[in-house]
Amino acid sequence: MPDTKPADGRLCVRKTYKLFIGGAFPRSESGRSYPVRTPGGDLLAHAARASRKDARDAVVAARAAAAKWTAATAYNRGQVLYRVAEMLEGRAAQFAAEVADAEGTSGKAAARAVAAAIDRWVWYAGWPDKVAQVAGSANPVAGPYFNFSVPEPTGVVAVLAPAGSSLLGLVSVLAPVIATGNAAVVVASEQRPLPAVTLTEVLATSDVPGGVVNLLTGLTAELAPVLAAHRDVDAIDLTGAAPADRAELERLAAGSVKRVLIADEDWAAPPRPQRMLSFLETKTVWHPVGL
Amino acid sequence: MAAKASGRAAPAKAAPPGRGQAPAPAVPAGMTAPQGRWDYAAAPESTEIVSIASEYGLFIDGESAPAADGKQLITLNPATEAPLAKVALAGQADVDRAVAAARAAYEQTWGPMPGAERAKYLYRIARALQERAREFAVLESLDNGKPIKESRDTDIPLAAAHFFYYAGWADKLEYAGFGPDPRPLGVAGQVIPWNFPLLMAAWKLAPALAAGNTCVLKPAETTPLTALLLAEVCQQAGLPPGVVNVLTGAGETGAALVAHPGLDKVAFTGSTAVGKEISRAVAGTGKRLTLELGGKAANIVFDDAPVDQAVEGIVNGIFFNQGQVCCAGSRLLLQESAADAVLDRLRARLSTLRLGDPLDKNTDIGAINSAEQLGRIRELSDSGDAEGAERWSPPCELPSRGFWFPPTIFTGVSQSHRIAREEIFGPVLSVLTFRTPQEAVTKANNTPYGLSAGVWTEKGSRILWMSQRLRAGVVWANTFNRFDPASPFGGYGESGFGREGGRHGLAAYLDA
Amino acid sequence: MAIEQAIEQAADGPGGLRGWPAGGAMSGTALRRVLHGLDGVDEVGAVARAAALATRSIKKDAKLWALDAAVRMIDLTTLEGADTPGKVRAMCAKARRPDPADPAVPPVAAVCVYPDLVAVAVAELAGSTVGVASVATAFPSGRASLAVKLADTADAVAAGATEVDMVIDRGAFLAGRYGQVYEEIVAVREACGDAHLKVILETGELVTLDNVARASWLAMLAGADFIKTSTGKVSPASTPPVALVMLTAVRDYAQMTGHRVGVKVAGGIRTAKDAVRYLVLVNETAGADWLTPDLFRIGASSLLNDLLMQRAKQLTGVYADPDDFTVD
């Protein structure tokens, strides 16, 4: 376990990496943990190994939080998300160190990834009060009716975070889910979960209501089927699932007609709105126009 | 019903005594009503305009051909049970051939074709549907059992309108909001239901073709004829061979189609159970999928509703197309303070509905599409009796042949009854009550489905409040069952995903 | 539904509906409460319903029945500044015997004239079943004092009118002075004596269907025997959605009070097809009980010959020549 400030000779205080459910930081109810190592094999920490029941609790927390988060004004959601970016900026050095450890990259490359992640968060923070104007419409129907379509959050979205890109990839899949008013249950990269846990510490002290983002660390292959089959999950992003597992997860998701997204991307490339649109429902309202 | 009913019930109370209203005016002798009740004479639409062949082939690569194994099925007139025609039953070999034809057309003609040219083909099809509208309407009513007034005034005009609408998109896709150069997906396999046979074909084909895809369309087993007439229209419009292929057949045909590895896209409209099966079949293949599935819509009537229009909306919501509509307003949620008054008027209104010959221009309620569907409706309705709900139908004589079910209302229904939870897909309305707007929303959303909802109130702010909270893809406020090619349609939750209609409908057929 | 409650409340309150349901004293406040407690009318829905009923296809015997019924329901009307005794006498002859070539054609329900020509019509129609209706109350605008309106009515009744077609004060109605409109109808009703009172709402000036429903109830509460759409002098005159709303009102009123009020549509109804569509509206809204001249009338003039032409076609199978029928 590398000590963060070995130079001054002081014995540092190590962090316990926990789950993030409903705004709290529990250990796994199962009491299990698993070792997290650098790509080079050095032990970084023992992360909580979430169980099926933790996944269930996370969905319950997300469902409870979704209504309030959805009902918040889009302006407010944008403000809250921007505040998260501000706090990420303040912890940039810590994230860079964790990303470097997790991904085995140089400090410079990690710093670039963290900067990109913060910028991506800012990009999404601007979307809540714009996406309805881009994805909605007034529809010129052939009759005396006012007809409009508005995008609405689908509800609770399970996200299997990318295995490789521990922070930029995570932000790229998480931010579009919550920017659109959904609540998320995220399974962090199994091998590189620590930056994700630190992100939840930022979220916990931001204005994002507890339960809007829930983070599970553990074995993706163990947690993903639970979330894919869970009937109270409205959508699932399988981007972080191993390619060989995706078909079975899709089959499980079919049981409750989940919206399924599989979209591998180059996380360094500029983002597009498509991920957000995957977690929006279009509602169309008709009303007569008359005297 | 109408023909048999003796009009509205006599007023319960006698005229009040005293000054009040003057006594009925002295009517001079002779100034009396004509003798007898006014019964509308039969007004059947002529079937002369349609010529139904004794046998139909599959439409593959621009030509009609029998199934490779020579199998056929018989399509009936559900109003009489008389056979209409023998239709080819496509098997795996036919599916292979149709997908190959569609692939070739995609790669060689339709894919490379400029959008402006594709548009002109679609406009041609739209015009041909208008020109032959009556022919399509009569054929649809014969094959499906729906009243001619519906096929004539709704199904066929909307189908034509759909082609018109999407024709105009074909050369404007870069402005549709899906990026600067949206690409078609390739070959689409499309499986459609029997409740709106031609209209559903239009909903599937028009956006797919506009976006540059080619199609293999599988119409429902019991209603293949208008899709085959549409194939003829495509042929006459000069549509290049293989761009549209029509595979008639049964459930196995649809299963073989959606499982075919040559497809890039699967689109399905039908039951939620089959939708889930298709979803599983498509899993892991990378095929794009859109589903338009079942529903159990709440039609919510507040005590300040425009009651007579609400009653029309309730009737239209559940008896349009015999209730065989995925977005049917099958759960009537009445504010308790208004429930009796609304029910009184609703019952009186139902007594004026005319059930019978689908080709009679005055028929309001036609035949149920198939014996199988009739069985499902009966089974679920019987469960309503068994679970203690109270059944009511207007006096109604059903024809002795064919598949018929009377307009039916169940009162005293609670959320736990099967008839309040399961899609009946028939002319059966379950009536529940609520006390507050929040309770209405809670009950309305208490279903795995989320296709549509209705709200009736004269209070604008309440309409918007309700509309925000109802988990449904379409909310009809002070109206119900309106459709338009410019208006996105599709569900939340287990009612499916993806939208049909409008700009949103293009997304299902573009790689964006 | 809200109406019963509103009426109950209004009747219990100060200045309540003493003497309700018809012609009793009612305060403007009580009336407002009642009329604004009526169910709203969604115009688009009402128009759609009327349009749907217009697609009914009436053929063969049903058409013949409807054509005959429509003839019997006509108030054959002339309301021109240029009316003369000669014109009225000719019209009365037509009213008694619409088709001299076919005695099976029934007479119309009534003729409708200005008050000064009532005596001519009464004399001409003596011994027939045809009623004599007179417009009154400063028809068509209604812009005169109550005294003048009552004198106008009394004139018509004294001259032998069996039916009086009064106009409401649309200005007062639109200004919300429901009490004044109500009192005028009650007073005219009184002045009518035994004559049958039709209250013209002039729906083209009321504009909204909510107003049509309110004016219908106001007139019924005040004691109208009939509510009538229009004077024929304002466009739009009768329209199917307006008729639909009025037929709904008489249906609901009958259900509440047991008393059936009639409906008269007037203005612009020139073809048999239009007339049959109105009969469909009656049949499927108020109900078959209203398909009688006692409860449904059509104010018209040129309509009659079109009905006769269609009737002849229906009986002979041959399209008729307009000159087969008399023009008066």
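First chain written, first letter: the chains are A, B and C, and each begins at residue 1.
Note that a residue touches a chain if its C-beta (ideal position, glycine included) is under 8 Å from a C-beta of that chain, and two chains touch if they have at least 3 such contacts.
As the structure is a prediction and not an experimental result, all values here were calculated from the model.
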Top of the farthest list for chain A, CA-centroid basis, is C
Min distance from chain CA centroid to global CA centroid: chain B
Rounded to the nearest Å, the gap separating the Cα centres of chain A and chain C is 69
Averaging C-alpha coordinates per chain, one finds the centres of chain B and chain C separated by a number of Å equal to 41
Check: chain B positions touching at least 2 other chains come out as 478-479
In chain A, the residues touching two or more other chains are 145, 288
For chain C, residue numbers touching 2 or more other chains are 42, 44-45
Note: in the complex, chain B contacts chain C through residues 2, 6-8, 10-16, 18-22, 24-34, 36-43, 149, 153, 303-309, 312-313, 338, 341-342, 352, 361-362, 458, 478-479
Counting only contacts in the complex, chain C reaches chain A at residues 42-45, 47, 207-209
Within their complex, chain A touches chain B through residues 134-135, 137, 139-143, 145, 147, 149, 154, 234, 246-248, 250-251, 253-257, 259, 272, 274, 277, 281-288
Contacts from chain C onto chain B in the complex sit at residues 1-2, 19, 21-24, 39-42, 44-46, 48-49, 55-63, 65-66, 68-69, 72, 106-107, 109, 128-131, 162-163, 189, 194, 196-197, 223, 225, 248, 251, 254-261, 279, 283-284, 286-289, 291-294
Given the complex, residues on chain A that touch chain C span 144-145, 288-291
